[in-house]
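Multiple structures are listed underneath, in structure tokens.
Note that chain A is present in both complexes that follow, paired respectively with chain B and with chain C.
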Partner chain A sequence: MRRVSSASKAADRVFKVATGICASSPVLFLLAIGIIVIVQSIPTIHYMGWHFISTIQWNMGSLYGSMIHKNGVSVPSGASYGALVFIVGTVASSVLALIIAIPVSILTAMILAYRVRGPIGFVLSILVEILAGIPSVVVGLWGILVLAPWVSHQFGPFLRSVFGFIPFLGGSTGSGYGLLTSGIVLAMMIVPIITATARDLFRQVPLLAREGGLGLGMTTWETVRYICLPFIKDGLVGAIALGWGRAMGETMAVLMVSGNAINILPHNIYSPISTMAAFIANQLDSAQTDATGMAVHALSEMALVLLVITLFTNLLARFLVNRTTRRRSVKAGANG
Partner chain B sequence: MITARRRRRKVSGFIGWGFAWLASALVIFALFDLIVSVVWHGVRAFHWSMLVQPTHGTAGGLSNAILGTFELVIIAIVFAAPLGILGGVFTSEFAGSRTAGIVRFLAEVLSGVPSIVIGYFGYLLMVLHWHWGFSALAGGIALTIMMLPYILRTTETSLRQVPHAQREAAWALGMTRFQAISRAIWRPAAGGIATGILLAIAIGLGETAPLLYTAGWSTNYPSLHLTHDQVPYLTYVVWSYLDQPYQDARNLAYAAAFVLLVIILLIQLGVRALVWKTSGYGRRDH
Partner chain C sequence: MSLRSNKIFAGAAALATIVAVVGCGTDNSSTNNTMNTASNTSAGSGNASTSGPVKLAESGSSLLYPLFNDQWVSAYQSVDSNVQLTAASTGSGTGISQAIAGTVDIGASDAYLADAQMQQSPGMLNIPVAVSAQQIMYNLPGIKDHLKLSGDVIAKIYEGKIQYWDDSAIAALNPGVSLPHHEIIPVTRSDSSGDTFLFTQFLTDTNSDWKNGPGYNTTVSWPSVSDEIGAKGNDGVVDALSKNQYSIGYVGISWLDKATQEGLGYASLENKDGKFVLPTTANIKAAATEGSQNVPKDERISLIDEPGANSYPIINFEYLIVKQTQPSADKATALKNFLNWAIDPSKGNSSKYLTPVNFLPLPSNVEPLSQAQIDSIKAGQ
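This part shows the complex of A and B:
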């Protein structure tokens, strides 16, 4: 028997270590991002404390005036960093996006999973995947060209006249750049994510369960509604949380259609807003003009808050999706 | 009585599926409306000369941005492809199911980090702390972080689809694991890995947020200096020139969006065509 030479044994070992190092790179990047963002936010955390997330005044202070010293850090006089406007904007726009996207994507996923097959199903699935691949600036451009005028002239006035009695739906419909347009644009960006995940979940429902429903005389709709939907409930919640995390972290499209509000909370769904991600991108030039570097630290704390919120929703989402998948694949057998 | 109930159930089924079809139609309509309106504005604003002229002032061409975009994506793929592929090999071939699960989970968490946070991280660490300035390398590394989890996952998935018997056959010939992977196992998975890399390139081409704080912008052609030299890129033109009050500048933005969309759609459709050809639909005899 020919023995494996020691050189190839060594090569094997080196290869294994090299791949192991590469496999650990995601966690290294994650750690690096977390550590850098936390370390850089420390001065603002000292300066603002909890007021960072509870006040609405974002003011870089007088950049040419004298410095003031407070809590061991020096900042331009009059500086105040309150991110509440952006936190509210992020939550409101992403929740609005979910309200639009959840029914649309679950219904679309039902069609993709149960109603179309063969070439047509393949083409429809591709269209959904292409939608996921459209760059966010292009979606933002569509928002400016098509959506904002439509919301301003048609959809906004329509909503106000029909549902104006509901709080937040009445009032001035504004320029079309605001919460509603941001919500629609965000919905456009998360529909493909939720649809693709929900479609895969629907396909994991065992055929026997569906046949059982049909065998009892249920209509196809009742089978989907009363058997498949409850079957994948946890996974669906996970898919939705996944889309939510994506919506909160989305930058460019929102930046282009949100109206870039600052220091003012939205008063109805047509008001201009700004999200944390969009505001960070928007402050590119002004942050560099602050000689104390405080503005950079303040944006870093904003990035930290955003990171924590999105990581939390993502962890929840993965936990729920994986739990469903694991449970189903055990039941459905080796094909799962 | 029973017929009334049966009719009601039938009608509710009709209504339910009707809404479902409506929702699908809405999604497809939105996609087509987006593509048509961007292409419509883009085609009217686009001139072939834009492909060879650099940007100057508020007008000009896109050649510097196109070259810069490719420079950034090439730098990103140089880092992301080896890291992602080797990481995927480890997860699929060497790691136990527990370790593999952890790596997969962390890659998914990384892909959930908002792109602007990655960009700002790059700004804090590379642009400010390491004094690279806005540069190709900083932008490329920020894009690497975006692409890496994607490549890792697709590599792992396609390697997992290689039948175990093929590995056993290679081992039975006396190959080490490295030899088995490098000579036999990667071949059936190559198509899937290539698909993953192409789609990662498409993702990288369309990213803006990670580059805003790392790559900067310039109206010159990108140079070969990896640091201290700002790089122009296409998505920046779309975002920033759209805000200008001049029609020329806006036309440039439309044209940039059009070029971007065409490149990305070509990659996406090309990849899907490949998948179509190798999947069951295009080849029935398999």
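This part shows the complex of A and C:
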């Protein structure tokens, strides 16, 4: 038996402590952020109750005027914190981004996994990864300079003239700053994430199964539709959930092209919107000049709502994945 | 069993370390301060000048940042090499809250502190260092002359009560100008901004509905107007205006040249005397001179809509927010010396430093009031 020197014992102890610190830090960070956000939100929860998520009037009140007392807290007179505009903006823009990004990502991933080989495949893969690395402020700048005028002058009027009979696609096409532009910008940012994951998933489909499909006379599309997609469904849902979370939390690019609506809900797909993340970034500086501190508490509660919605979409994705796997194992059991 | 207890030990050790680190973090500032005091007092102390090196940290307004970063920091280096001035552009609100918390020595702000904030943090001084202005800009193809507008009309546009450019209220101010029948797109600043403070203060002073509604602040609860655009920063507003015909917005004076190059026009505004004036240096100076006659002891005052035939209505003081009671004698001396230098028209307040960043020097009768405030800065706990 090897004699353990004191030096190596000490090294082992350092190793244990170091791994202990590192391994517990994600949990502690999450706890610290969660606790601070919740504690900071409590005064607004007292003041606004459920109206926080059901009303659209956001007003910090008159910070240069008098303070009033209500529900056990003091607030600037006229203060009202209704976050519905920002909740709707966040959900609508991220769902629109998913609608655009999912088909684009899946088809791109399929091409990358099955269709292109050698240098072209390599270059395409690299390009997708570079797209993922573009800073969001650069995407936002492109959105302002190129996308917003295009949506305003060409794409918006085109959509309206072809699909104008569908609700939310008709009406005024606005200035180009709004829901549609935000959705496209967000889609650009989440396409690389979903594509990269989906490409790796497609590559995991056993060659034998795919060849079997082709051997049965299936077209390429049928092989993908009936063999590959069912095989990678679980992972794909996870990849989409990841992209959705990213789209909801994205701040800078949306802030630059959304039109930053306040006190008004979007009436069609071209209307200005505002998302929770962008609104927090916009208002935090002013909120700090509120002597009662209530404005900062209100922004904290908005951060809490954003956290809860992100968590909820994540859980929803997991639930969908679990349900499909369970159904499949039940089926397999019945067959056996 | 022993493996299990080992694991628990490692976890506990990790927690303890993190708690210790966090503990240090919260104590940091006070430790630093005491260290500074120690090193400074050990080198002996004087009243007129500082003995050892002193750091003065400034943070806040992005409008004041170029004045500090491009002009004052290097200039003051040659005045007193013992004082190391640092500047950061964090936004007025952050600057104010950091100055109150004591994490920076100077908070730069486009707005003076509200009464409620003064009550909550007594002993904060608001010292004006420069005069700034703002113009109302629009994108109206075919209109060459400066459009005449009043605060009341602009407020109604931002409330959605005036929706078209050829509205009778606008036409009445501009006889003979053929105004287009197009919807007005109002542009606002989405981020916290001193420009929003000035603009909404102007609307508050000229329109009673605005006064009782959104009021004034660095961000306000804008009335809902369906095509209104919120843009980030003065550059974002200029972009939104130049990309959207028939839009209107407010832009800081330092962006005037760039915005007119983009094809934007700017309005001639109705002042308190009913005259229409442009944001020229002479008109801004005239307004500042009028306003300086009513400056109170604590110098917290709005310079919006001053009387006088030539007074341009949207101007304000840019402020430095400092604590009256400084942590050490050296810090107090360094801060006093710097502020005295900054308000002196032959030194920091000369147009040599202010003109490149589009500010105007303080009116001369404000200086004694600032002097009195600066003299009240003292060391203590």
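The rule we apply is simple: the second predicted complex is superposed on the first by the 311 of 336 C-alpha atoms of A that agree within 3 Å, B and C clash if a C-alpha of one lies under 4 Å from a C-alpha of the other, contacts with A are read in each partner's own complex, and residues count from 1 in each chain.
We adopt the following convention: a residue touches a chain if its C-beta (ideal position, glycine included) is under 8 Å from a C-beta of that chain, and two chains touch if they have at least 3 such contacts.
What you are looking at is a predicted structure, and each value in this text was computed from that prediction instead of being measured.
Asks: Return fit or clash for chain B versus chain C, each positioned on chain A through the superposition.
Replies: On the shared chain A, the partners clash.
Asks: So, A:25: does it touch chain B (first), chain C (second), both, or neither?
Replies: A:25 sits against chain B and chain C alike.
Asks: Does chain B (first) or chain C (second) touch A:115, or do both, or does neither?
Replies: First partner only, chain B.
Asks: Given the touch rule stated above, what does A:144 touch, chain B (first), chain C (second), both, or neither?
Replies: A:144 contacts both chain B and chain C.
Asks: Which holds for A:222: it touches chain B only (first), chain C only (second), both, or neither?
Replies: The first partner, chain B, only.
Asks: Taking the superposition as given, does A:60 touch the first partner, chain B, the second, chain C, both, or neither?
Replies: Second partner only.
Asks: Looking at chain A, which partner touches more of its residues: chain C or chain B?
Replies: B
Asks: Tell me the contact category for A:284 with respect to chain B and chain C: first, second, both or neither.
Replies: both
Asks: Once chain A of both complexes is superposed, is A:16 in touch with chain B (first), chain C (second), both, or neither?
Replies: After superposition on chain A, A:16 lies in contact with both partners, chain B and chain C.
Asks: Contact-wise, after the overlay, does A:162 reach chain B, chain C, both or neither (first, second, both, neither)?
Replies: neither
Asks: For A:314, decide between first (touching chain B), second (touching chain C), both and neither.
Replies: Touch status of A:314: first partner only.
Asks: Do chain B and chain C touch any of the same residues on chain A, and if so, which?
Replies: On chain A, the residues that contact chain B in one structure and chain C in the other are 16, 19-20, 23-25, 144-145, 255-256, 281, 284.
Asks: Going by the contact rule set out above, which residues of chain C touch chain A in the complex?
Replies: Interface residues on chain C, with respect to chain A: 6, 9-11, 13-15, 17-18, 90-94, 96-97, 111, 113-117, 119-120, 185, 188, 190-192, 214-232, 236, 239-240, 243-244, 247.
Asks: In their shared complex, at which residues does chain A touch chain C?
Replies: Of all residues in chain A, those touching chain C are 16-17, 19-21, 23-25, 28, 57-60, 62-67, 76, 78, 80, 144-145, 148-149, 152, 172, 174-177, 255-256, 258-264, 267, 271-272, 274, 278, 281-289, 291-292.
Asks: Tell me, which parts of chain A touch chain B in their complex?
Replies: Contacts found on chain A: 2, 4, 8-9, 11-12, 15-16, 18-20, 22-27, 29-30, 32-33, 36-37, 40, 103-105, 107-108, 110-112, 115, 118-119, 122, 124, 126-131, 133-142, 144-146, 188, 191, 195, 219-222, 224-225, 242, 245-246, 248-252, 255-256, 277, 280-281, 284, 296, 299-300, 303, 306-307, 310-311, 314-315, 318, 322.
Asks: Using the touch definition up top, name the residues of chain B that touch chain A in the complex.
Replies: Within the complex, chain B contacts chain A at residues 9-10, 12-14, 16-17, 19-24, 26-28, 30-31, 33-34, 37-38, 41, 82-91, 93-95, 103, 105-110, 112-121, 124-125, 128-129, 145, 148-149, 152, 174, 176-179, 181-182, 199, 202-203, 205-209, 212-213, 235, 238-239, 242, 253-254, 257, 260-261, 264-265, 268-269, 272, 276, 279, 281.
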